[in-house]
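Multiple structures follow.
Note that chain A is present in both complexes that follow, paired respectively with chain B and with chain C.
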Partner chain A sequence: MAAIEAIKTTRLESWVSSITLSSIPSSYEHLELRVSAAGNRASYASDIAYLRFNSSTTSYTDQAMLGSAPNSEICFAQSSRSRMDLYRLGTIGVGKRIPYGALIIQIRDYANTSKNTTVVAFGGTSAVDNTSNDRQVSVCGGAWHQTTAISSIEFGDVNGTYLMTGSVVSLYGIRSS
Partner chain B sequence: MAQPSYIAEDGTLTDGEAWVAIATTDLTSDAGSVTFTSDSTATGDWSQYLDLMMICHVRGTNASTAVGGYLRFNDDTGNNYNFLLLDVSADAPRGYSEASHTKAEAILAVPAGSSTANVFGAAVVHFADINSGKDKVVLIRSACDQNNTTTFGSGSTVCQWRNQAAITKILAYPSSGNWKSDTRFDLYGILPRMVS
Partner chain C sequence: MAALTVLAHTELSSNTANITHTGLSGSYDHLLLKWSIRDATSNWYGDSGIYFNQTANGSTYPLSLTKLNAQGSSLTAATNASSYALFGFHNNGNTSSNNCFSAGEAWVLNYADTSNKRPILFDNLVPNDSTSNTSIQMGAGLLGNTANAITAVTIFNQSGSQLLTGSSLTVYGINGAS
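For the complex of A and B:
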């Protein structure tokens, strides 16, 4: 049995509003999403991704991030959110080349019904056309204050309305020994 | 490409281990650089992978407390690399970026000749969507205690290679001097889901 198994890979061949990974089996210990994606936010070279679990729109989520804009540091925390925001996506917003963002997202012990679910993520993007605006690398995470096992994950773009063609989201399951 | 393990004898496609060990370089003497290249073997052909991941345990020989770890792809020496980092110096964070470089200044806090003996820095490098037609993005986490001084201890980096070619070659080298003996790089390929 594979220790790390690819559960589902979605590569977009057209613009979509979000990607939903459903019917996630509970047989793994942890989940990991590997993302290379961009949205259609206008006038900015980067955007924010979000996760939503089990289609829930209730404010069960807290989140925090520590990141670097081109030459400064930023950090903040938010609570009682209806989704979990993670940084960074690329966008089609400026320039001629879409700077796809990369994200590695780990969802810990997602099927344990005695724990709320914890997420840690690492992501970033670099600007189009060598401008310095909107580049960012971030370490972020959050908690989904529900003990329900996660069986579906919606991945989308916070400020845009679509994820761009060529975006790819791949979900992996990590087994215990 | 030789037949990979996820293709059964009868030609059936299977989903086995998603992470595939491609290659390891464990230096037995000091070396100026380490190179990994895609080939035509069952695991060494990078065209089958979604991402690559490289685990690094590194030290430089330069007579300084620390050096940087640089990456270059497909022998591209043009001004096609951007990078942006967040690191910690003493008790303060620092954000910093540069653009249009000839290499990706990727791995932070690599101990070197003036660091405490036998200390090596650790880094994990994620190469995203390496076979796509996108400019390539690389995420790096690195950390080290060089000798309990105020030099950088940990950091996160995003690098962009402004080239839409598939990554087929990775060169890793220190900013000054050589990689010290016992420096180690392990390269893994990450497969997508192949069976619906």
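For the complex of A and C:
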């Protein structure tokens, strides 16, 4: 049995407010998302992505971030939110072409009913068409303070209202046996 | 041939000093370790370590390391010139938020190569309901031993606290195209 299996890929052919991956089987140890995406936040060359699990708007722990912003190091922890914020998402707000951001997101122990789900993301974006130096890379994450198995994941844009055409979100299952 | 294969997995059903996986095959290109740790330390975090081949000895298994640690808004960098273990990452301690476990992974490249030293990359997150007491780390290391293929991996708490029920370590083997 393969240790990693593709569960679903969504590629946007038009603008949407968010992407929801539903009916996720609980037969894996962990999940991973591989994302190339951009939103429509105005006036900025990067944005923040978010995850919501099982449509929940509560129980997300404080979230840590370590990265660059853009020519110096930065780290912070933000108070618990109604979602899991992850850095970075590209945006159409500045530039001639859409600078898609990249995210590799681990969703650990998502079906373990004795442990909270912990999320770790490695992400970044480089806005090639602008001069604002808004090019950033980071490692970040937090936990969903619930032990309910995750069966759906919503992916969206924190400061914009739409995800752009061409954005791709792929979901994989990781086994432990 | 599958590119990613599960070699060993343990999730603790009782509190235990460490998790060790032995008898790892040398037929893969790289190892990927994934851990999830909470320990009995009476604090929001404890300090974890990983060593190889069941040998906690810096002479036989010297390991140099550089790491970044972010705790709240504090960022620090450090290096260990010589040690025996992959130190430098935290795990959830027993006073952190209920049911929270750290999540880390490490790539051990060319782990069975006995001609060259083995490089290691890792990242790790300790979630907690506190903006000042949550942390994230990343690091790179080099295992100086060139005499022995890695056949065993141990994760442990540096101060000797027991790893709590639910803590886990999974070892994957990675293959490239032949």
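The definition used in the following text is that the second predicted complex is superposed on the first by the 173 of 177 C-alpha atoms of A that agree within 3 Å, B and C clash if a C-alpha of one lies under 4 Å from a C-alpha of the other, contacts with A are read in each partner's own complex, and residues count from 1 in each chain.
Throughout what follows, a contact is a pair of C-beta atoms (placed from the backbone, for glycine too) under 8 Å apart; a residue touches a chain by one contact, two chains touch by 3 or more.
All values reported here derive from a predicted model rather than from experimental measurement.
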- request: Check the residue A:Ile92 against both partner chains and state whether it touches chain B (first), chain C (second), both, or neither.
  value: neither
Task: Could you tell me if A:Ser68 is touching chain B, chain C, both of them or neither one (first, second, both, neither)?
output: first
- request: Please indicate which partner A:Tyr100 is in contact with in the superposed arrangement: first for chain B, second for chain C, both, or neither.
  value: first
- request: Considering only touches as defined above, state whether A:Gln136 meets chain B (first), chain C (second), both or neither.
  value: first
First (chain B), second (chain C), both or neither touched by A:Ser176: second
Message: According to the stated criteria, A:Phe122 is in contact with first (chain B), second (chain C), both, or neither; which is it?
response: both
- request: Go through the superposed model and pick first if A:Met84 touches only chain B, second if only chain C, both, or neither.
  value: neither
- prompt: Once the shared chain is lined up, is A:Ile48 touching chain B (first), chain C (second), both, or neither of them?
  reply: neither
Query: In the superposed arrangement, does A:Ala2 touch chain B (first), chain C (second), both or neither?
result: both
Message: Can you give me the overlap between the chain B contact set and the chain C contact set on chain A?
response: 2-4, 66, 73-74, 122, 139
Chain A - residues contacting chain C, complex: 2-4, 29-30, 61-66, 73-80, 106, 108-109, 112, 114-116, 118-120, 122, 139-143, 145, 147, 174-177
- prompt: In the complex of these two chains, what residues of chain C are touching chain A?
  reply: 2-6, 9, 11, 34, 36, 68, 70, 72-75, 97-103, 105, 123-132, 134-136, 138, 165-166, 168, 170, 172
- prompt: Can you list the residues on chain A that touch chain B in the complex?
  reply: 2-9, 11, 34-36, 66-74, 97-102, 104, 122-127, 130-132, 135-139, 166, 168, 170-172
Message: If we count contacts the way the header does, which residues on chain B are in touch with chain A in the complex?
response: 15-19, 50-51, 82-86, 93-97, 99-100, 126, 128-129, 132-135, 137-139, 141, 156-160, 162, 190-194
